[in-house]
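Each in structure tokens, the structures are laid out below.
What follows is a pair of complexes built around subunit A, which joins subunit B in one and subunit C in the other.
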Partner chain A sequence: MKETLQKFFKIDRRWIFLLLAVTLFVPIVKPIGLPNKSISQATTRVYENIEKLPAGSFLLLSLDYDPSTRPELHPMAMALVRHAFSRNLRVGVVTYIAGSTGLIEELFAKVGKEYNKKDGTDYVILPYQPNILAVMTQMSSDMYGIYSKDRNGTPIAGMPVLKGVKSYKDMSLVVCVTGTAILDYWVAYVGDKYSVPVAGGVTAISQPGYGPYLQTNQLKGLIGGMKGAAEYESLIKQPGKGTSGIDALNLAHLLVLVLILTSNIILLFVKYF
Partner chain B sequence: MKLIKKQIPLAIVFITGVLTLISYYVPHKVSVDYIETMNKWENIVVAFAFLLGLISLFFSHYHKITRKADGWGYSIFVFIGFLAMVVPSYTSHGKQMVDGMLTPLGWSYKYIYTALSGTMFAVLAFYIVSTAYRSFRIKSAQAFVLFVAAFILILGKVPLGQIIWDYALGWTGQGVSAVIEWIMQVPAVAGKRGIMIGISIGAIVTSLKIIFGIEKQYMGKD
Partner chain C sequence: MALDTSIIAGGWLAAGLTIFLFSFLYKDNPFFKIAEHLYLGAGMGWLFQVSVTSVWIPKIWEPVSKGELLVIIPSVMGLLLLTQFIPKISWLSRYGFTFMMGYGSGLAIPAGLSTDFMSQIEGTIRPFSKLASMTPFSILSSLIVAAGTICVLFYFFFSVEHKGHLKKVSNVGIYFLMIYFGAAFGNTVMARFSLLYGRFDDLFTFSGASYFYATQAILAAMVIYFVIHWLVSGRKPASEEEAA
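Entry: the complex of A and B
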């Protein structure tokens, strides 16, 4: 009996890979459509901070994620832009991750069209910059000192979207969506130093690390992982990839739990019986 | 020689370090102008660092190929990948979309970079699930606490888990969201805060050691 059970520990891992592949494949092909039962307070705070901005306010988005974290972060970025456009906010986009430029382009081509928003008038996408701290510091005094053109080489001075916007004090809110530690930089070097409200959107794995910032209100809100994206989509009443992706996440999470429980029950059996 | 190799670099680090530190706390025009100049210099240096990194990467993989070192075949893909992105980038003048249509760069980004990057990251999920089964053994009290916290968090992070919790533990009167909120707000924040304070103190001490010339490893061995 013990020998049989011990064989389960040495199971070829490719069987587990196959099990996961099937578990993920089924809900992607045929979504179950389970309702989101709760909306976290941190996500609601991001929503409320954008909701209370008057039309025409300038929202700065720092979209710092590449295709590796796209499933979690792209839906939340999309929901944020949809929310901003529906509230007629002006949107500026910066990025410090070279790999994110194509995703930003794709996002604004799609959502801009949905809301009939024009590049340069309603939103501006600034080019990738490699040196985060230098850019963040420079933008506190004069953003034109570091960004003179948009990502297509069009001069940004005089663009309607940037009318009256020179530094952080002219911006109503900064939201950073990232799978890296760039949100920490926004909090420490911009939010705290220049009293700019900063909110964020991060992957589920890094979400617990931002608890201290949320407690002290250094972060005005936080969207965490695909669940957070689904929550935000519920808040703006526009279900998207976050809501549909949560089904696959449901089953994958439960599979992890079942596997951990199974292996530990077998361990108990082998040890005590 | 010692003057050029040691004393002048140390003096530059000391002066720049002290001025930058002071500028952070002094909101005067002079300090703002100083920071703006430093930012521009920094960006120029970063551009050269990129170039240096690229040349170093190329040489390293070129030597691997010429020496037929272990896994030299993979090194060829460094060059293929580089060309697959840089050539379209030049022909598209760095633009990924023109009038809503993908340029060659946009195509390479979407169908090469995105696909490869997504695949690499997705592979992690398979290893995590496999490792969870093969390695997560509850053999101590600490491992049990970790398991209970992980169990609640994993369960509560998805709607199906919330339904299972309500069905099995609804009689306790505590929703899984409330329990997760407590874990995140109390023990997780306490731990994270300790780590953050430790890292910050370490960073301050290291920075001061560099500014005052106590830590000199960045200058090399000569």
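Entry: the complex of A and C
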């Protein structure tokens, strides 16, 4: 009996890979519709901070993610833009990751059309800039000193979307969506230094590390991973890729739990019986 | 709706490269190598064009063309960093590094002290100044945060031998650290599954008729390759081949 059970520990790990692949793939082919009932306080805080802004307020989005983190961050960026457009906020987009430019274009082409929002009037996408700290510092006094044109080369001075916006003090909220440490820079070099409200959207890996900033209110809210994206989609009542991913995530987590429990029970059995 | 040819080609490329890279989970193979080398090459090419189009042209070439000659100074300092590769004049790179160190430290030290040190100490202590207005749960939460901070700090205090009460406190600190590591690991697993889900979701999209069944075709081709390889290589299981 023990010998038979011990074979479990020598199982070819590729069977586990296959099992995991099937577990994740099945809900994509045939969605189960498992509910996403718990909405974290951190995500709700981001939602409430946007919800309380009066129409016409300027929201700065720093979308700093590339295709490597797209499944987690693109749905939350999409939900944030949908929320901002539904509240008739003016949206400015900056990025410090060159690989994000294509994703930003894709996002605004889709969501802009959904809400009939116009480039230059309702939103502006500024070009990628290297040397993030220099850009952040410059934007505190005069953003036109660093951004004179949008990503298509159109001069931004005089654009309706930027009317009355010159520096951070004219912005109601900054939300950074990133899989890098760029959110830390927004907190340290902009939020704390110039008293600008900063919120964030990060990958699940980075999420626990931002707990201290949430506790001290240095971060006004935080959306974490695909779960966070699903939560935000629930809050704005527009299910998207985050919500559809919950089926797969729930099943995959269940599989991991079953594997951990099974192996521990077998281990205890082999050791003590 | 019929898709544009370039979109279909993009779908085949994306599905192919994804399956090629995942095929390594079964065993190493030439298709994985192709995808790996292509990724490295494309990545380098992408970085080069970003440097040229987003840094070199707008930050150096255009200002100099307009007569703004001051940008030459930081450009030269940047170029001096490359002298590291020439031992005889490598000392010149120090000027560039000196500037970077001074500029970086000047920005980072005050911000770091304020954001990660002072604000965090304040955030740990402040709740105790308004205990009367707090709910019992908030008080408990604040106590746990303060106790956790103190215990973990004791764990990292190495100038005194950890024995007696100090050992007990630092042991509690270990538990707080373990809870953090557990949460971080759980979140890492969730993040990896999310990324895998993203690739599978794309593979499912490319498996449709509008993409001419790219996923199925490439997957079938990979299976055929592995079967032929298995037959030709004397029917050794993959695990044995790897061990050999």
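Odds and ends about this structure:
In this text, the second predicted complex is superposed on the first by the 273 of 273 C-alpha atoms of A that agree within 3 Å, B and C clash if a C-alpha of one lies under 4 Å from a C-alpha of the other, contacts with A are read in each partner's own complex, and residues count from 1 in each chain.
The rule is simple: a residue touches a chain if its C-beta (ideal position, glycine included) is under 8 Å from a C-beta of that chain, and two chains touch if they have at least 3 such contacts.
This structure is a prediction, so every number in the text was calculated from the model and none was measured.
Overlaying the two complexes via subunit A brings subunit B and subunit C into a clash. By the document's definition of touching, of the two partners only subunit C reaches A:I28; subunit B does not. By the touch criterion defined above, A:G245 lies against subunit C but remains apart from subunit B after alignment on the C-alpha atoms of chain A.
Partner contacting the larger number of subunit A residues, of subunit B and subunit C: B. After overlaying the two complexes on the shared chain, residue contacts for A:A204 are found with subunit B and with subunit C alike.
Look at A:E72: by the touch rule set out above, it reaches subunit C but stays clear of subunit B.
By the touch criterion stated above, A:G102 is placed in contact with subunit B alone, subunit C being left untouched.
With both structures placed on the common chain, the touch criterion links A:I265 to neither subunit B nor subunit C. When the two structures are aligned on the shared chain, A:Q138 is found in touch with subunit B, with no touch to subunit C. Legend: residue contacts after superposition of the two complexes on their common chain; A:A181 is shown touching neither subunit B nor subunit C. The residues of subunit A shared by its contacts with subunit B and with subunit C are 17, 20-21, 68-71, 99, 129-130, 133, 137, 193, 204, 208-209, 212, 215, 225, 227, 249, 252-253, 256.
Residues of subunit C touching subunit A in their complex: 25-26, 46, 50, 54-55, 59, 107, 111-112, 114-116, 119-120, 122-123, 145, 180, 183-184, 187-191, 193-201, 204, 238-239. Against subunit B, in their complex, subunit A makes its touches with residues 9, 11, 13, 16-17, 20-21, 34-38, 40-41, 66-71, 99, 101-103, 105-106, 109, 113, 129-131, 133-135, 137-138, 141-142, 145-146, 152, 193, 204, 208-209, 211-212, 215, 225, 227, 246, 249-257, 259-260, 262-264, 267. Contact residues on subunit B toward subunit A in their complex (touch as defined above): 24, 32, 35-36, 38-40, 42-43, 46-47, 50, 95-97, 100, 106, 109-110, 113-115, 117-118, 120-121, 125-126, 128-130, 132-134, 136-138, 147, 150-151, 154-155, 157-164, 175, 177, 181, 184-185, 188-189, 192-193, 196.
Residues of subunit A that touch subunit C in their complex: 12, 14, 17, 20-21, 24-25, 28-29, 68-72, 98-99, 127-130, 133, 137, 187-189, 192-193, 203-205, 207-209, 212, 215-218, 224-227, 241, 244-245, 248-249, 252-253, 256.
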